[in-house]
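Several structures are given next for inspection.
Each of the next two complexes has subunit A plus one other chain: subunit B in the first, subunit C in the second.
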Partner chain A sequence: MSAVLEIENYSLDYATAAGNLHVLDQVSLAIAPGEVLGLVGESGSGKSSLAAAIMRLLPTNAREQGGAIRLGGENLRSLDQPRLRAIRGRRIAMVFQDPATSLNPTLPLGRQLSEVMECHLGLARGPARTEALALLRRVEITDPEAIFHRFPHEVSGGEKQRVVIATALACHPELVLLDEPTTALDVLTGARILDLLSRLRTEFSMSGLYISHDLSLVSRFADRVAVIRRGRIVEEQPAPTIFRAPLEPYTRQLADAVPRPERRLVTDAAGENELLGLTGLSVRHGRPVLLPNRVKIAVEAVSFAIREREIFGMIGESGSGKSSLARALAGILPFRGEVRFVGRSIARPAEMDRAYRRAVQIVFQNPDSSLNPRHRVAQILARPLRLFGATPAEIPRLLEDVHLPASHARRFPHELSGGEKQRVAIARAFAARPRLLICDEITASLDVSVQSRVIELLLALRRTHGTAYLFITHDLNLLRQIAHRVAVMYRGRLVDLQYTAALGGTDVHAYTRDLITASPAPVSG
Partner chain B sequence: MSLLWLMRRLLLIAYTMIVVSVVVFAITEALPADAATMILGQNATPAALAALRARLGLDAPVWLQYWRWVWPALHGNFGISMRTNLPVAPAMLAALSRSLMLAAAAILLMLLIAVPLGLAAALGRSGPIDLIAGLVSYLGVSLPEFVTATMLLILFADRLGWLPATGYVSPARHLVDGVRHLVLPVVTVALVMVAHVVRMLRSETIDVMASDYIRAAHLKGLPPRVVLFRHALRNALLPVITVVALDVGYVLGGIIVVEQIFAIPGIGRALIVAIQSRDLPSIQAGALMMAGTYAVVNLLSDIAYALLDKRIRYE
Partner chain C sequence: MSEAWQRLVRSRHGALGLILLFPVVLAVLAGPLLAPHNADAISFAARLHPPSARFWLGTDEFGRDILSRILVGARASVAVAVTATLLGTISGGLLGTLSAYLGGMADEAIMRTIDAMMAIPALLLALLVLSSLGKGMFDASLAIAIAFAPGMARITRSVALATRQQDYVNAAIARGESAGWIVLREMGPNVIAPLVVESTIRVAFAVMLVATLGFLGLGAQPPAPDWGLMIAEARQYLHQAPWMIVAPGAAIALTAVGFNLLGDGLRDALNPRVG
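Right, the complex of A and B next:
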């Protein structure tokens, strides 16, 4: 049977001020009818550029260096704009990573769905609407009539992604490009979207290209998996084998970086004494002005205690109050309730004195916004050093601690990679020699392989300094590798607190069990 | 947008007006010569001054003077003009209505020029239209309106003789002549705003066109026309509303100069005359009316924003 999509020796460069940058190098791939091919690579590997090349929507500095991209035998590279428009949305459709940004905020969802059918199938508004409602039912939207008239901000992330999927499938395309369709979603929502996609795959006898950085996720969904590195396909195998028996060292590295709950990375126990305790801690956003406003409760009466040298894991979906809690403990947000630090009671952020603020440090999710872009690394690190009585002479040692060369001190944040930036943020936190480090989703924006190196670094630092961590993440498998205990947040409340070993048991909260089911362990090797 | 929000905004406008009225009253109080000196002149005897002060109520405590002014003002009575001895309110309202017509015409003209120009500049980025739009913007921003007005007068009224130089004819009474008198002042006022809006719309459109949802719209295979008008335009125009509302503040200020140059009997010219003759009731009424107009326009822009952008829900 002939391939739906066939890419042959395709090469692509980006023209930059520093000369041509090779993005894709002699890429050859084929997708058979009804087949889903997984494309796995880290950020910068060229996987998104390949998607752009297939959709023929390349940036203006792209320079194609030869090769063919054939859809049903027809070379897309030779088509003009009107003929490409007839193909986009009709024969190739795309599901994007973040439904929050890929939907127009000022257009009703139904309109964004039905316009594809009006455009390609020549339907009038009425019939397009009927079709759209039927499609919304097929993507398991419970109240299609209501969703049809709503705007993106009025529905949940999962519902948005379902609308995006319905839009992609509206004209029964030959090929669907799935660009990390679950990455921007919560764990539970992502798992449900993946279930939906698996079902629709058969219903629509869909052929697809599934692009992701997560080898474990892709090998569960795709039939075959291709691994891309620096613009080259390094390995291509059937999905079940590639994860279990990768041929290339690089693929092996990717497979190893995926967190596996059965492989504990922390063996020592936590200390006995309480380091930081909280009783009935609440955080509210907004305050009444003029007339009573609606006050949003972010965290409601949470109590727990973190012990010395403990890795205290915290998990929950976005909006569950994890970050608000972290910020309250770091002294950034006002709170109610009691915080105890080494036995000393703190009732207000104002009572968090210099000693407390030194001992409790926080690292944020996004180093791009938490590092001052106009300061060199040396300046970024010098401030906490001076503030806490050390000298800038310690900068080389700090950088060495986070495995960065001392020469990086002269660089600006934009001259560093994502992983390096996060290391600088960690070094800044350790400049104060904290006793507790709050890690707020610090690996969420990093590739799996970079994440595993950052985790290794944190564990090494803990061995040297005896630091305790409040480790907030949405990756339960990661927590099962490193945390002593796991706290589960749901809608501002602490619904479960378990020793990591007890998570597999029966005595867990229903929501925790849902999370465990939604985070399947990778196929073990 | 809830009723509660609307009530709160109206409350806020009332609050603003109270503050403005106090400030306006305080400023006129702080003028070096009081009303009695103004009326009787420098050489008046102290006895005559004291008598007049007593008659005008100027010897009463300040808060009582404020109250005696603000309470009738609330009922539309701003007192008697010291210059004309006629009631202030009807004269100032008539002047305000002429100014508002001038401002509305200028804003309309500005939008007709700026929206297509800003869009074209963004879409043909770094092309000839973008260059022209940039040039027009810089000229508009950097030339003060008295320079633009003078240049327009020299060219169109003096050299070419196409349009009347100054004066005002009510368009309601004589349409063609009225409009001919309005053209030059309207163009002058519009020019600076064109600059603001073109620059704003250009950068907004560039941002919107680079956004994920526009990329998604292209990838749906929609024709460029549909992508631009259905998906991009509304989102790019939204921030322009705010700029236009802010520009109304500029118009109310700039109109004073323009009305003076073109001899249009609007609120700006009325204020200048009132200030020159120390006509306190007229100054107070004019300043209050301008502040009120600005507050109302801002409320209207907020409402328009909410109607166009469904994400905004005032609570």
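Right, the complex of A and C next:
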């Protein structure tokens, strides 16, 4: 009975209009003091519901179907609100996925941190402030005094997540729930946050539950890993073994879905001829009419050329101008400089005629916002078909191309899963039979396992149609699997352009090398 | 459409709204046929008669049957109010969506014009329009529509600005779609929900505005059995014959509540995500 957290045969349903939805089924887990348990599962597997159940933050339609959740032997299910309040933040703390939404935008960061200690440890303002500054130093914030008075929008995403972590650790909680704490951050920041967490683990002798969809990430951080699928724990093993020798086929599937740079998925070479070339392309945001200093430079004088049938990878952290570049090429944002398409020069978006717009298609990051929620799949696909000289009769074939049943044509986007939505977005792009497809972080919002299936699909489509891809991502390992060349963007500039094979070499840019170190290859089996 | 209809009937608000609006619609369609008395027949013997078996809702100062007047007057009052609201909503909605889509200088120009229009009170604006158009039912509804449009445009624009950021609009721009298609087909269906709710609230307001215009001599003229006009006339008999003001007031309230509930139901029914 020495476990910090013990979950025993816990089952949970959600009452919906369509009947009871089983979310968790007889879940049993235990976390020993000083131990971090990884919980891995795809979206919809119930992993976040389990975190909500531990924090007692379940939605009103949740129906608990028995079982116990014990914190240090005390069943949390039997506690009333005042006693739960004393536990939350004091004995159990949580680090959420997105620091941008988990901090209150109207309070200074220091206030949010010291408030926890005033509330739970009964400290006065002065001592709480001293404590808070010390904590900020421990989460490696360089200028704690300055950060203390700043508001969340005035600091970077990484700094915000550090403050969230400091808040979670402020009262030395017995248990810390980490719900994908690095997913919303870019690669370098995420890697640094993970390093910090590893260090704080020992420093605070932290017990925790680390929730993620990425098996390789979890197996690097956790002591033991439990794999959850449709509300059931399917496998539980020590972290080093689960990745190398998974017992269950499902775990193996998850392990295989993790991109490994040494396993190339694309073997053919790119074509010789230039398909799309840019010379000195710049993109600026904002209107210079009244306030010239409000113009933000998103992309500054970028030049490169994509060849026929090439998979041109592009990587960079958020705000590096990757998406702005993609949007300029798709004719959504105005640009300066020159774009050449099969030898034809284009100087302004207005010169992008129907032939260009047909040949260059874009798939966006978030399928939730790229599909009109009021249109059925058939409508979404029919429009580009009609616009680019085909008939809606081709819809079943398009859906088949992206491995969706023809009956999905009648559905609305919200009736599809994330992966299915992204397939529809890909089908919409291929309706125009493009020669270049711009993929703007199209797998960033998907689970690792869904990502690998979408990538397979894209490669299959490329084999049939000979399409070139401008593949934008923050996952370097993925690019090393599929791209012919990799371009590295940093603060709006193209800092490096390498053949994928040369990435490990010596003449890469220092920033590229940082990216390579920040994306360690998973332990191969 | 039939799916949306089914969802509307099944939703609690929508169904209740439909039930409340049923007598209103019936009166609009067949009011004169249902009326037990001649709505304009003056009878001094039956002046200010309280509700009874003969006059269910009582009589007014000229001995006219109030029930009959309400039934006959429904067409003018409700039809004008609904037409005016529809016209105002559609024009304001399109203007707001277009403004959000175009952005930049066009947005500034449209919105500043609308701000200028909003600086004039709705009633004053309607009076201004009516005085240049002439008096009559259609002119009255046009005047109210013009008075409503700026507010509708403002509401729509704020919703449309969020929609404008969505990638399906970007995808349409990348496809080279025309502004008309993007405003009507891509953005339109996504800004409609708050518009429907707002416009159903405004129907009740429009009924009162029609009445006010009548009171000022620019809409319905005194002998006409207009609901608003009836309230205006009943004011001076408030203490002697309260039923005179209660009946048309209740009719307006029934219409207003009915449209509000219908609006709530429509908002859910039009959203494919719910249901």
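By our rule, the second predicted complex is superposed on the first by the 521 of 525 C-alpha atoms of A that agree within 3 Å, B and C clash if a C-alpha of one lies under 4 Å from a C-alpha of the other, contacts with A are read in each partner's own complex, and residues count from 1 in each chain.
Throughout what follows, a contact is a pair of C-beta atoms (placed from the backbone, for glycine too) under 8 Å apart; a residue touches a chain by one contact, two chains touch by 3 or more.
All figures in this text were calculated on a predicted structure; none of them were measured in a lab.
After alignment on the shared subunit A, the placement of subunit B and subunit C results in a side-by-side fit free of clashes.
In the superposed model, A:P384 makes contact with subunit C only, not with subunit B. In the superposition on chain A, A:C119 contacts subunit B only, with no contact to subunit C.
In the superposition on chain A, no contact is made by A:I482 with either subunit B or subunit C. Shared-chain residue A:F151: touches subunit B; no touch with subunit C. By the document's definition of touching, neither partner reaches A:V339: not subunit B, not subunit C. Angle at the C-alpha centre of subunit A formed with the centres of subunit B and subunit C, after superposition on chain A: 30°, rounded to the nearest 10. Look at A:F364: by the touch rule set out above, it reaches subunit C but stays clear of subunit B. Judged by the touch definition given at the top, the superposed model places A:L209 against neither subunit B nor subunit C. Judged by the touch definition given at the top, the superposed model places A:A409 against neither subunit B nor subunit C. With chain A fitted onto itself, subunit B and subunit C come no nearer than 5 Å, counting C-alpha atoms only. Subunit A contributes residues 55, 57, 84-90, 93-94, 96, 98, 101-107, 115-116, 119-120, 151, 153-154, 164, 167, 290-291, 293-294 to its touches with subunit B in the complex. Those residues of subunit A that touch subunit C in the complex are listed here as 287, 327, 330-332, 352-354, 357, 361-362, 364-366, 369-375, 383-384, 387, 412, 414, 428, 432. Partner subunit A is touched in their complex by these residues of subunit B: 4, 8, 11, 211-213, 215-223, 226, 230-231, 234-235, 238, 308-311, 315. Residues of subunit C touching subunit A in their complex: 104, 165-168, 170-171, 173-177, 186, 189-190, 272-273.
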